[in-house]
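In what follows, chain A forms one complex with chain B and a second complex with chain C.
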Partner chain A sequence: MNTQQYITSWCVLKDNTININDRLISNETSEQPADLVKQLYRAHNMSYPKFFKMDALSRLAFVCSELLLNKRKLTDTYKAEDIAVILSNRSASLHTDYAYNESIIDRANYFPNPSLFVYTLPNIMIGEICIRNGITGENTFFVSSEPNFDFLTEQVNFLMNTGVIQCCLTGWVEVSAENHYEATLFLVEKNKMIEDTANFYTFAPYNVSKIHTIL
Partner chain B sequence: MGNKTYIASDNLITSLGFSTEENICSIGQGKSGVEVCTIPELQHLMPLCSSSVDKTRLAKEFSEIGDTKEYTTLEQLFILSIAKALASTSVDTTSEHTLFIISTTKGNIDLLVNNPFEPDRIHLWKLAEIITSHFKNPNQAVIVSNACISGALAVMLAKQMLCIGKYDTVIVSGGDLITEFVVSGFVSFKAISPNPCKPFDESRDGLSLGEGCGTIVLTSDASIAKESYGELIEVAGGATSNDANHISGPSRTGEELGIAIKKSIKQAGISPEQIHYISAHGTATSFNDEMEAKAFTLCELQNTPVNSLKGYFGHTLGAAGAIELVVSLQSMKRNTLFLSPGYESCGTTDPLNIITQTQLATIDNVLKTASGFGGCNVAITLSKK
Partner chain C sequence: MEDLIKELKQEIIDEFNFEDMTAEDIDTEAPLFGEGLGLDSIDALSLMVILEKKYGIKIEDPKDGKKIFSTVRTLAEYIAANRKQ
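Up next, the complex of A and B:
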């Protein structure tokens, strides 16, 4: 029953550098990774006003998913409910947790902010990607101290092998409380989709780690 | 294909007690743990109701198994619940074939304000490390933080992990605390009722928050399960879905929760009419309950007896799925449908068969659903074997 899954597209971002499918598309000297994410949004004409309402984590996940998909509409290939989004990180939503907490620290100036509060859940970034792409399939958010690609590949390959899903957007999207950005996103499919055979990898822990550490 | 997943043991620590038995006994008597909130740090957010765990009792009971000064309140809650669930089993937590899956939305978020421990203690992975090291488990725990579906999702993941076959035992534990962080957030959303919540009722006006921990021990060995649980119950199906609609409001149609329900029932190899009872999410917000009623109707489950347990425990967030699955399992074992507190008259466009009286009934297959922020939905199917 086991079939082979392939990484048909990937995207790695670390602080000020981003690499998509082996193309270093940006190596900005900007000091803030948040600015890089905004620059990428603008440079690639993503025109999605909701982007500006998102917190740092959702913005990072959103921009990486857009670059990875490169205007491709997954629902043209798959049923919306057969596409999964399975993400993980180290700090959950801690970066935004601190920001929300600021709004309730001072009882004399007490304004809990609902638009920040909703982002104090790390799976919201999965929701944002699902909304943007019309994806209605499996969605799970995991936390681990370091990327656990053995677990993630096992989990995703199991769902693909058993036919629960046909396609998966998966990986690691982290914004630390100290404002470090790190994202490694993969599009996983059963077909290679790419004619350039040098440019694909099987979805195995070895390849996933290799891509993750490319920067 | 693959190994199956059976229930070996469970535990509940909530406002209604520190054992499954205590909780079910209270529910059977129609007692609710939801009451006017008396937590001093939350008085500026009144009016609201809450369902709180007795912290004095928690410290007292925990002191028998660990030093309360070395653990946060939530860690004590998790460890005590897991220890109680394991007490009736022969599970070896030191085995590499035993896995922990921890479910929580906000973990030790109270440390944001005052953290007497090391800085990393606020991280969810650290919380899980503290728990697994208490039980001397050699494996890295799986940590799920997927809003309000986390607890039920953790049970679905346990099924997948057992099916893959690397583990023979999975301990799922879901826990969350009532904190100013969470309560103020829901208040800012205007999602909280001043009165005890009234799921599916015409006059429902928001949720009541709760805290607690639910633990379920799962095994792939049917004979071990039957012997320790008394009844052989399988986690026969499980699926998640996403509304792809709005990050803080549910679907208008219920179709996407319907996707998860249909997949879960199909995976269990049964048809909708074989579901004898639904444990709904039923938060008592206008939109959630309306959406769920639509989803159940789309799945031809509108006549199936259904309740929301939020009227007993409040909404316990990352613990809710685990806590409510334990009650569902007990409903199956006792062949008892528990009344849905707070319900008087139909408050959804699509009417449901809400349980208004605790009664005996044959319960062979149960559907448990949950939905949460981020548009996530989960459906779990439990079957007697």
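Up next, the complex of A and C:
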């Protein structure tokens, strides 16, 4: 028998604006979304030295996951292997791929940089979130030209309904240029783990799309 | 040696984008990996690239890396003894 899944927390960031659980935070001081991400990191005392080593995509995913979790330690509620991170985007890691390619273009000064190269895969951002939160469950990354929330909700609901996972951090995290950032992250949990389901959206495509387009 | 140590600290800050840090924030005697700066195995490879690119040093045996990359001081001492540029 299927249980109902709920969105217990969400975070939407688009360019210079961020909305966390219907609380709008406008950014008026940062000219670039990358600066907003750094401002959020500092303002919320995320205190994680690895943050500055990450590429733009991982920084965006990391900061949004921190804001969405709001200091909550998921492993206090769930076993590490019962928590999944399933993300998607349009451009994979193309922004960093270009930067890496640029860095090795001069054959006379050919020193491939491992700390840049490691981010030329988009699923690295999932790894960063997993390391930070001690998550060891299912993780998958999908690429699609547009957010496909029918597909994403089907994937997550299937894993939850079949008992593979109990909780999932999922959504869309995209960096396609210096000034184009967008992220929509959801924390999805089963009703049996939630005391009052009346406060939460069900994890269904129309609710996911509604939140994604809130900005 | 102190100039080299300061230079290395700045190299580390630049390489790993430790934007909130200055050279003074890095303890010369503290472990580079694990606690503290939180460097990992990928970062060890990056440090090897710095050694080769900036100081002309190639670490032939990766097992030596553990000792060389122990702290900023051990790294500076190794560079001072082996640098080719």
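To be clear about the criterion, the second predicted complex is superposed on the first by the 202 of 215 C-alpha atoms of A that agree within 3 Å, B and C clash if a C-alpha of one lies under 4 Å from a C-alpha of the other, contacts with A are read in each partner's own complex, and residues count from 1 in each chain.
One rule holds in what follows: contacts are C-beta pairs under 8 Å (C-beta built on N, C-alpha and C of every residue); 3 or more make two chains touch, one makes a residue touch a chain.
Just so we're clear, the structure is a prediction, and the values are computed from it rather than from any experiment.
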Legend entry - Which partner, chain B or chain C, touches more chain A residues: B
Inset, instruction - Pick one for A:F52: touches chain B only (first), chain C only (second), both, or neither. - result: second
Inset, instruction - For A:F142, decide between first (touching chain B), second (touching chain C), both and neither. - result: first
Inset, instruction - Answer with first, second, both or neither: which of chain B and chain C does A:P112 touch in the superposed model? - result: both
Inset, instruction - Report for A:V85: first if it touches chain B alone, second if chain C alone, otherwise both or neither. - result: first
Inset, instruction - Could you say whether A:T162 touches chain B, chain C, both of them, or neither, answering first, second, both or neither? - result: first
Legend entry - Touching partner for A:N179 - first (chain B), second (chain C), both, neither: neither
Legend entry - Those residues of chain A which chain B touches in one complex and chain C touches in the other: 112-114, 118
Inset, instruction - Spell out the part of chain A that touches chain C in their complex, as residue ranges. - result: 38, 42, 49-50, 52-53, 111-115, 118
Legend entry - Residues on chain C engaged by chain A in the complex (per definition of touch): 15-20, 37-38, 42-43, 45-46, 49, 52-53
Legend entry - In the complex with chain A, residue positions of chain B that touch it: 1-2, 44, 105-107, 109, 112-113, 122-126, 128-129, 140, 142-147, 153, 157, 160, 163-164, 180-181, 184-189, 239-248, 256, 259, 263, 372-376
Inset, instruction - Would you pull the chain A residues touching chain B in the complex into a rising list? - result: 1, 80-81, 85, 90-92, 94, 97-98, 100-101, 104-105, 107, 110, 112-114, 117-118, 120-124, 126-128, 130-131, 133-145, 148, 151, 154-155, 158-159, 162, 164
